[in-house]
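Reviewing the structure listed below.
Just so it is clear, A, B and C label the chains in written order, and each chain counts residues from 1 on its own.
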Amino acid sequence: MDLQFLIQNGVTGIANGAVYALIALGFTLTYNASRVANFAQGQFVVLGGLIAITLVEAGAPLLVGAAASVIAVSVIAGVVYLATIGRVPESDPFRRIMVTLGIALAAEAALQIIWGTEARRLPPFTGDQPVDLFGAAIAPQALWVIAGAIVAMIVLNWFFRGTRTGQAMLAVSEDREGAGLLGIRVAWMSVLAFVLGAGLAAVAGVMVSPISSTVYFHGLPLTVAAFAAAVVGGFGNPVGAVVGGLALGLLQAFSVAWLPSGISDAAPFAALIAFLILRPRGLVGSRVLT
Amino acid sequence: MTEALEVRGLTVRFGGLEALGGVSFAVADGAITALIGPNGAGKTTCLNVLSGLQKPTAGAVRYRGRDVTALAPHRRQYLGRTFQIVAPFDGMTVEENIQVGIEARGRIGLGRAALRVGRRRRERRSRERAAALIERMNLAPVASRLVETLPLGHQRLVEFGRALAQDPELLLLDEAASGLSGGEMEELAGQVLRCRDEGRTVVLIEHNMRFVTRLADHLLVLDRGNLLYDGATEAGLTDPAVKAAYLGSTNGAA
Amino acid sequence: MGWWDRVSSPSRRTRRLPPRALLGVAVVLTALAIPLFVGDRFWLNLLTLSWINLVAVLGLVLLFGHANQISFGHAAFVGIGAYVSGLATMELGVSLLVSVPLAMAVGWVVGYALARPVLRLHGLALAMATLALGELFFIVFRELSITGGANGLPGISPLVFGPLDLTAPEGAYWGTLAVALATAVLCHNVIRSRVGRCLRAIGSAPTAATVSGIDAASYKAAIFAFSTSLAALSGALYAHYVTFISSDSFGLPLSILLVIMVVVGGVRSLWGAAAATVGLTILPGYLGGYGEYSGLIYGALLVLVFMYLSGGVAGLVETVNQELTRLSVPKRPQRSTPAETR
């Protein structure tokens, strides 16, 4: 096991991890502020990628296509929430889960119907030339992914600390009733959180498309990965989502390198079960699962 | 006077919060003991430890000399309990709720159930015993109603009956009178007294002081996890420290 | 004073439908008679598949509907049953009389072993854990060479139980229907028994159930194993009926479909589950397979059922029943049924 191998898989792992972290972060934010475990999170990722691909193939510049895609996914998510999940009372979490599961199923089918079964890719942001890092060949897109995730987290941090809406959402996550008593419109925060989670998913979808391509059936594995990342890191804890995402990304990268190809797919599932049963509070700690 | 229940140095800590800090007391056999205190004093936590739902951080619980601190809740055959927020088995009738209390123990018998072995006899016996309890709780008119369709007072009685169905030596009641009308409270008091007459030991958490003075001969007062008073009821309710604890909190009852 | 009276005055005061037993018998007789009227293999095949699915669904009704333990991984056990029985007949040369019970036994053991750790979880965590478990098994089925993976395992012994040859369409139909009926009877017995009450207690108020003396962990493990052995039976029947299986069949879509059938049926109801299973198995077949649209339809169905119809088919029937009772009886139907009528 040499340095090159470590760096190669390490960077791949961190890049994968960054994607997982973003998706898991969106999932966690949605869960905290709207109390919805969004089983359709992965579908928003794929949708984000596919819309961007369609726009770019129609001639739009990459940045425009990406931005438009994120906005489109956010709007769609908002509409879906208001039409379905938002109408199921919070007191019945199981019903809400099943509704999001139904949405996930329907969304996956819709993605297949609209975009077909072949895998598509966004062109890499700055081309294909591998970058040399201590002897290892790194795809530049991986670096973009990592940079993008960092930027996204910085923006989120500013949002939650520096804006009133963000602070309100944070308040709702901490104490729903208390926030309501303070005059915060909890119902609207729920919609917003759902939209925010979907937006993050779309960003992840745009960034990862050049690396892993985008196909309609990627949705569910991504959702499970998001949930696994959240649990491994610490469910309900945004820091946990990022830590868990990175851990999962690394786990996946190295298990692909070491295990026979198909079996490495099992890594996120195995990690999820192991943590749920043995260490439910995750790596960083969770208020939800102790 | 023999001791049914003995609690020594009971401490319960959640994260940084200490719900109970080294509480010790004894409950006499056949007595009715009231456990009172301001909100958050640790009363329900105490009951949870006694019923096995909460493992104490430190301390021991002995029942008739036997250490039961770590005993699983379903193995505490001597004990019956009701809950602060009433928890009947929704989706089942009053009769079925009581039946569960009667039938819960023993081997699962999935095979026997699937093959209906001995079913008629078992069902008949179960129904007969349930009917007796339903009669006793004056619930006969609603015996076949789904329990979630009943008003709170009836639900509390069902819960009481379910606890009684296990024929417990020790009965733990968590605010069983909460939310009841005057008449319902009378009914409940009568049921509790009847339990005492049968030789059962009762520990009840209460906020209603009339209820407490009517029923309890022994008073325990908790405040912020500490035992403030342990003795006769009358003296306890006029104790200055107890009064201060209540008036000092937002819940000024008595 | 026999079962007749008990049946005609059920605990809920609804009297519009004729005694449920009569209706039930009529439905069963109709089901038995179908091959005599319908010669078309297409329909017989769909109904046979319905009965095969129903075996798994009934177990899930007990586990999820009554004990409230969600499982999004039951397809794994269907797969276990299919592969164990299929491979046993192919590799070990034993007859179905051995391989099918073997499959059920393996389903039971694996289920029981997994149940204890997994069922300590609740709600979302349990849903995800079972989902992950199902996917793990799916990957195992796909990667093991002995299963043939996604390419499949052809040439599985057909549906022949010793001297009983059920390979003809009618034979397969009656055979699987018989198994489904037997399963339904067993499940019905459990539901109406003390075990059923304890399961529902665990499902509705687990803490109170524990304090009432129910060993919840053991009950949950037992019913989980019961349901997984039924799932395995379903898988074994499937394998020998279609004589070709591929790992693609035993993944998350099947797990979700099974849950949908339970829920659309009304969660706790065996009859509702039967109706939902037949409907959801036949409809895709009738529409020539939905193809790409199946996910869309199932998804929409899930969303709508959970938004508006949380009682499912059985709830709908019950609501209709109650409405008819309410409209037809002028005075409030106030009749208590204590010990006197039982």
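Methods note: a contact is a pair of C-beta atoms (placed from the backbone, for glycine too) under 8 Å apart; a residue touches a chain by one contact, two chains touch by 3 or more.
All of these numbers come straight from a predicted model, not from anything done at the bench.
Chain C has the C-alpha centroid lying closest to the overall centroid of all protein C-alpha atoms shown.
When chain centres are defined as mean Cα coordinates, B lies farthest from subunit C.
The mean-CA centres of subunit B and subunit C are about 39 angstrom from one another, to the nearest whole unit.
As a whole-number value, the distance joining the C-alpha centres of subunit A and subunit C reads 34 Å. Centroid to centroid, with C-alpha atoms defining each point, subunit A and subunit B lie 47 Å apart.
Across the complex, subunit B meets subunit C through its residues 51-53, 72-74, 76-77, 79-81, 83, 87-93, 95-96, 99-101, 103-105, 108-110, 113-116, 119, 122-123, 126-128, 131, 134, 140-144, 146, 159, 162-163, 165-166.
Chain contact summary for the complex, subunit C toward subunit B: residues 11-13, 186-187, 189-190, 193-198, 200-201, 203-205, 207-216, 218-219, 222-223, 226, 268, 336-339, 342. Those residues of subunit A that touch subunit C in the complex are listed here as 37, 84, 87-88, 92-95, 97-99, 101-110, 112-113, 220, 224, 227-228, 231, 260, 262-263, 265-266, 268-270, 272-273, 276-277, 280, 289.
Across the complex, subunit A is touched by residues 70, 117-118, 120-121, 123-125, 127-129, 131-133, 135-136, 139-140, 142-143, 252, 256, 263, 292-307, 310 of subunit C.
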